[in-house]
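What follows are several structures.
Next come two complexes built around chain A: one with chain B, the other with chain C.
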Partner chain A sequence: MLIRAMTSHYRRHPLQLLALALMIVVATMLWTGVSVLTGQARESLAVSEESVAAREAVVRADGQPVTVEDFVTLRRAGVCVAPWLETALGDPARRVIGIDPLAMACFDVPPAGDSAVGVAGELTGDPFVDISEVTGGSGRAEQSGQLSLLISPDTEFLPEGYQRRSFQLGPATGELADSFLLNLDALSLLVLFITGLLVRSVYHLGLAQRRSSFALLERFGVTKSRLQRLLAMELTLLTLICVVPGVWLGQALANRLGQGFGLALDSLFDLSLYAGEDTPVPWQAGLVMLVLVLGVCLVDRLIPERTGYQSKPSEPAVLPWWVWALMVAIGVEMVIWAFSLVWVFVGTALVFTGIGGLMPGLLARSADAVARRQSPGAPLGRWRYRELAVMFRQLALPVVALQFAMATVLAVQALVTTFEDTFEQWLAQRLSAELYVEIPESASAEGGSRTLADLNGLGDWHHVRRGKVQLPDINAEGEPVTTDLMALSPITSLVTDWTLLESVEEPWTALSSGGVMVNEQLARRQGLSLGQRLTVGIGSASLTMPVVGVYADYGRPAAELLIDGAGLPDDFTPSFQSFSVNPGERSVKDIGQRLKDEWQVADLVIRDNASIQALASQVFQQTFLLTRAISVLTLVLASLSLLVMGWVFFSTRSWYFHLLGIWGLQPDAVRAQLRRLALLLTSGVTLVALPLGVWLTWVLVSRINPLAFGWSLPMAVYPGFWVELGVVMALIGLVIAWLIGRQLNGQVSLRPGASLAGGGER
Partner chain B sequence: MSKIRTLMLLVITLMLAACSELSGNQGFAGLAASVDNTSDDEFLQPGPGDPLTFPGDFGPHPQHRIEWWYLTANLETAEGEPLGLQWTQFRQAIKPRPADAVAPPPENWPLEAAWMAHAAVSFDGQHQFAERLARGDVGHAGATFAPLQVWLDDWLLSEPSTGEPWRLTVEADGWGYDLQLANTSERVAHGDNGFSAKSFDGQGSMYFSLTDLDISGTVTMDGTTHQVRGKGWFDREWSSQLLKTGQQGWDWFALHLDDGHKLMAFRLREDEGGRDFRSGTWIAPDGTATSLGPDQIELSGEGWRESETGRVPERFRLQIPDAELDIEVVAPEGQYWNAGLYPYWESPVTVEGSHTGVGYMELTGYSK
Partner chain C sequence: MSETVLAAAALSKGFRSGEDTVRVIDRLSFTLSAGQSMAVIGRSGSGKSTLLNLLCGLETADAGDITVADQNFEVKQGVASPAATCQWALLRKRTIGVVFQEANLMPAMTLLENVQLRASLAGHRAGGEMHWLEQLGVGAEAHRFPDQVSGGQRQRAALAMVFAMHPEITLADEPTGSLDRQTAEEVADRLFEVQRQTGCALVMATHDQALASRCDHCLDLGEGG
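Moving on, here comes the complex of A and B:
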């Protein structure tokens, strides 16, 4: 009997039960989708990165290219090496890598069949093909590239006559990827937070409407504690029922979104790098959602003074406004001045909490103020803004949740777009030359420079020297700091097009005249600014140079300074040298041959930067697709909850809307008023979400990144996307108005009791 | 580091899968499930009447699909503690090569045969195992008979010069061994002068053994080098099909009995409803070998030893009425899985019952 009484409300208002169930299903779907997509993004990125990441190879000390005989010599000496032969194969040519999978078995991997295999799905055979396919062993070879011998990172011993050398297929992108994933994690948590708020708001809306039922049951002798237990059981049951389809839908959605991603990634390398296939059902996401739903909805039961359904839980502003405002102020200060990530997160949480407490009241007061300013001759305008004020007060929690959701969507969009732009720019700068030629240790760089300078028709080129230098006076403890040096000569258009973060007038001329540029990491760590004179110990010399520019350097954490190679002292010994070359009218083969002749070597490492850039940017672009998917999912949930909340709440006010007709408004005019009211509500939420979204973007790119990695991303806003978001919100407003309009036409609303969702306020 | 390992693992696993010739149901050298010959199979099939030729048969047989060089040893440390040891090198051809054909040039990285080497040491409750893989014809794995050399990377079985004891060196991750092997008896040809039937239908392999190897040397484990000495058993076997359809795996035993007899016995297990195929060789102390047919051997497993890799019978009852032999073959406590690409059980055993002794037991087809 009691259970029948408890559930009588939902029997009378099945739509409310449906709305709550729908919210839990959609919220679970969102969180599951986000969890799966984030996991997939992480795995895909890891696998993608591995395909271009640095490894080590063995080379001959005499500079001759390694051969199969070297492979056998090394293996018979107990050294774990494996062949790696990259070449183009087929028509149209596709990039393939010939490997010997049997030889690779010594790379200290667990036995085949280990569960670690599962995460990355299947390799289709490309780009990794058996090495016999690219050498003629299978009779299918068309052309062969240069053999490399990868060495296991665990191998320490090398026989005489061999050396290790880094073996890299692409630029080091690890830091950029790590940063991206950190932000992705932060956003996922934010999504969870927003989801909790939305579910809580829908649940408490329903709870408020059942207050009279509960009061009646109490009068029949049902104790409050028993009622609370039953409510908890009801919610647990409902959540359990809804979480299952939510998890399933979330996984299906993520897989569907991911399949597009996977297909795009496949085309990159003829390789299945997508990690989402055969993902196990993410029941842990369902468990998280169960805990979250029960937590956010039942937390009031744990606080005796706030006895659940008897209060008005949709009004969070139990504290005076100045407390919320203080919270925002402290949070903002913390984010600005924090020295560690933890405090940035705490500050951000404070700002969000403070805004959440302030915003409903602020919006309601604003609506009231506008209502008061309406002329007496415009009663409908006055009614509309008063009605809006009531809605902002009664829908406080969902309004705040929607604001947060939209802010998150804005931040995600800005972040992803910024990452893409930055990554492209950085890659383009770092790989501006078409070719990269490694200068062998035994070779004369000067001879190579003369050879290149004498080649008619050659495009721009420069000589890169890397090494270590000391900054003697810069450390606060008075200890010299060793840092990386990159010296370029001559300074050409290969670098003069770089986008510098800060620079003096004519920075590259200033560099050639004895200036120094520093990367962002060095500038931040040592507090360097333009014009500051920097003393650098290079070789035996000590040079004092003005800082003429600060450049972005996203690939690695190390501090670095850049000078014109012409200013290097004679006794500087570079640890690594290379040429970056645009071939111009010359062929790659011709350039390579000239340098081989000059250096008297048979083997030369020449890298095609264009294909590396294309590879790296394609890999990352596909990963960005996943973040966009998360953004879309968040927007879907926010929109759906707005729709449900708006519809339910507008329904509770239908008596007042009905009165408009009684006052003499034609049905069309009533519907027009409803449309304007709904549009005001959704556009109001959108407007207050914009500054929060921009601020959140700033926190992500300008605070979290520098603290985590030592460099910031450029801050950018995208007003075009704001308009898109506004249009979506407006559409939702129109749908709500249309639904309510239909409802008003179909029935005569009863005047609501005071218990209905607090909707009795007038 | 772990990412690199994962990638490498992926590459290995999936490339192995991609090399259809190596995968399918065949496993490696019959260590996984069986496959039937196809009508267009160009591999040479051994049969009754095929001769053994020496020293050539110590070398590879590229016309056959599978073969192995296999050593087991029941040794003792200087302190008298038992130590079991195994070394096997397998060759599995992807396509046959006529006897007079020239091997393809190594720089083509041909994929006509794959090699796999296994080494294991069982001592003091521990079972150390290592696996090496290689492609043939490149040079880092192979075998020759004059002089005898069987190698894969830096693992090497060799005969320094004719008539001298062989040397076997294995260096694995944190353990290894360096042994001298002196043969003290005649070769034993199993089955019909070396053709050892493996089913009632006539499939089989060429199979001979050196059953009395005096072994001495060192075994290093956990940073301790042990002087070891004891008896070893060396097998050479080649075929083009070891298991026929319906056969699950084999239970194989090589035993040194204390009265001087030696026994090789095996059972090829059939799927449910099928009739197991049993065979063996009873070797007298003077070296006289008597082949044992399916009806002359009774073999049954008793109890199960469970592990995550699979479960194997804990002990076997082995009866040969004609030799008045009724024994139980028991593995010591512990797990003796060779957990490589194709896991199988390889353990030293002790013999109880009508006879006593030691030996080795290999059980395949039991892994999950």
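Moving on, here comes the complex of A and C:
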């Protein structure tokens, strides 16, 4: 009987139940999607890092490729080596790496990492497969693909005729990926927060609508605590029912989006890396949602006086405005001055909380102020702004949630676009020439330079030498601080269009005449500025050079300095040398052949940078697309809740729109008022979301990133996107107005009171 | 004083309830001259509110015709033409003032602002609103919001709104219905006083015999449907 009474409200207002259920389903779906995607992105990137991590291999001193015989010779000599066979497998062909887990037993740290080689030595899947799968049992590994022999870094002794060489499969995405993941994490926390706000607001609005029937039940002798228990049970049941399809939909969504991501990753690294297939159903996400929904909806029961349905739907701000304002001020200060990430996060949370407490009141006051300034000759305008003020007060929670969601969308859009640009730039900088030729250790770099210089019709090229140099500082262990050096010669257009964060006039000429450029990481760490003189120990010499430029060097943890190779002392031994070459009119084959002839080697590593660049940006585009999808979903959720709440709210006030009709406004004019009101509501929220979004962008790129990784992303704003968002919000406003307009027309009874329950607030 | 401002002829209205139709108003006719007042009485459910809604075009009769200030509305099929809807809206804007038992005011506006809104919709320039509030005895409360004054004061403000539009006809549906006896009488006193001053016609639905007897005419809808 009691249950019947409880459900009767929803039988009369099925849409309200539907709205709450829909909110829970969409919220669960969003959260599940976000957590699955973040998890997958993290795992995929981890595997990709591992497969492209630098390793050491043994090569023959005579330049010939290694064979199975070499493997046997080395093992017999007691050297810990293991085969590593890169090849294409399957249809469509994908690049896999064949390894021999047994041979790897002598490595202290398994080179293919934990994720590939299980404890018992069995292989867990792509990209690493058992070598016998690749060779098909023929034993002629070198015929099945490109064979390398990995060597344990601890190995000291190598037999005559062999050398070590480090090798890498592709460019390491490094911290650019980490940074992106950190931002993705921050985003999902924000999503959870917004979701909580929204679910709570819809639930409480529903409760407010049922206040009178609860009062009735109480008069019939049902105790308050019994009623509360029933309500809690009702909510638990509803959440349990709704979480299941939410989790399922979220996973389906994540997998759909993730597949594209996986494909792109595969093609970038020529390996199957995507960790997203066959993920178990993410029930934890469902559990989190269950706890969240029950938490945010029933938290009031813990506070004795303000029990659930008794509080007003608007829940007027419990704290005075200056407390909220103080919160914002402290938060902003904290973010500006923070010296660790934690404080940035705390500060950001404070700012959001403060703004959440401040904003509805502020919006309502501004609407009231505008209303006061309307001339008495335009009382309809005044009425509209007064109603707007009521709405901002009554719809405080969804308004704040929508503002946060929009700020998030704005920040994510700016961040993603910035990342895209940055990533393109970074790739262009790292892979500046079309070809990359590794200089074998036995070969003479000067000979190579001469060969290239003599080639007619060749495009720009430079000789890259990398190594370590010493800085004047001493670290905590009392050892001199070393840093990476990159020396280029000659200085050509391959570098002269790099992005310089700071530079003297004619920076590249200054570099050639004995200057030094430092990357942003080094500049930040050493507090270097333009014109300052930097003393570095290169080889046995000590050079003092003026800083002539600071270059952006995204996605690398390492500090680096750049000099003209012509100024290098003779006894500097580079750890790595290569040529970056634009072939110009020459063919790749021709260039390769000439260098092989010059160096008398049979085998040369030549990489096609253009295709790597294309593939790399493809991967990131997918990731960015995915992030955008998440943020758009957040916006959909927030808009949906505004739609639901706006609708419920307008229904309680529909009598006052009727009143306008009774006072002689034509139906079209009433609908026009409705439209203008709804548009004012959504555009007001958009307006306050803009500065918050810009601020959030700034926090992400200029505070969180430098603190976490030592480099900042350029801050950019995209007003074009603001306009797009504004249009979307306007459309939502129009939909609300249209829904209410329909309801007004459909309502036959024109008696006050019938539709007045709880609508007379101001 | 014999100019007719409101007349109904053979007016009928019924509501469907399930299969059959219940006739609430059955071939009703009356005329009302300018400055005169008429009480509409009858049991609850007898159709008083329905009649008032018909007289201001908020509901459409099934048959019969209504004449308001020289404009004739004849109903054929029980549906209002768009032109008639538009015409009724115009009449409610300038000619017919409507007061309900409650909720006549916009809650987010002060009493004065409410009166200003109503007057401006009727096409009057801003200025005289305070006068009407004072006339009805709520001048002191002009700057308060509806939820800051008593029910009686709200009804007075609602009447002030109607008079501020200088209507030819005022339709009042139990304007004192939710007030206590004492307050109801005070509000009624003001109402009749101002009605006489302005010379507008008044149609008032009421349960209150005493109130009905103060009107010039009385229309009894009887037991009703």
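Everything below uses one rule, namely that the second predicted complex is superposed on the first by the 591 of 762 C-alpha atoms of A that agree within 3 Å, B and C clash if a C-alpha of one lies under 4 Å from a C-alpha of the other, contacts with A are read in each partner's own complex, and residues count from 1 in each chain.
One rule holds in what follows: a residue touches a chain if its C-beta (ideal position, glycine included) is under 8 Å from a C-beta of that chain, and two chains touch if they have at least 3 such contacts.
Everything numeric here is computed off the predicted structure, so don't read it as measured data.
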{"item": "Of chain C and chain B, partner touching more chain A residues", "value": "B"}
{"item": "Chain B versus chain C as contact partner of A:L707, first or second or both or neither", "value": "neither"}
{"item": "First (chain B), second (chain C), both or neither touched by A:R75", "value": "first"}
{"item": "Chain B versus chain C as contact partner of A:L731, first or second or both or neither", "value": "neither"}
{"item": "Chain B versus chain C as contact partner of A:I606, first or second or both or neither", "value": "neither"}
{"item": "Which of chain B and chain C A:P83 touches, first, second, both or neither", "value": "first"}
{"item": "Chain B versus chain C as contact partner of A:A389, first or second or both or neither", "value": "second"}
{"item": "Touched partner set for A:G661, first chain B, second chain C, both or neither", "value": "second"}
{"item": "Doubly contacted residues of chain A, that is, touched by chain B and again by chain C", "value": "none"}
{"item": "Residues of chain B defined as touching chain A within the complex", "value": "1, 3-16, 18-19, 104, 106-111, 114-115, 131-135, 138-140, 151, 153-154, 171, 173, 339-341, 343"}
{"item": "Footprint of chain C on chain A - complex, ascending", "value": "376-380, 382-383, 386-387, 389-390, 655-656, 659, 661-667, 750-753, 756, 760-762"}
{"item": "Chain B partner contacts - residues on chain A that touch it in the complex", "value": "46-47, 49-51, 53, 55, 67-69, 71-72, 75-78, 83, 98-114, 116-117, 119-120, 122-123, 125, 128, 130-132, 135-138, 153"}
{"item": "Interfacial residue positions of chain C with respect to chain A in the complex", "value": "49, 53, 56, 58-59, 85-86, 89-94, 98, 100-104, 106-109, 113, 116-118, 120-122, 125-126, 145-147"}
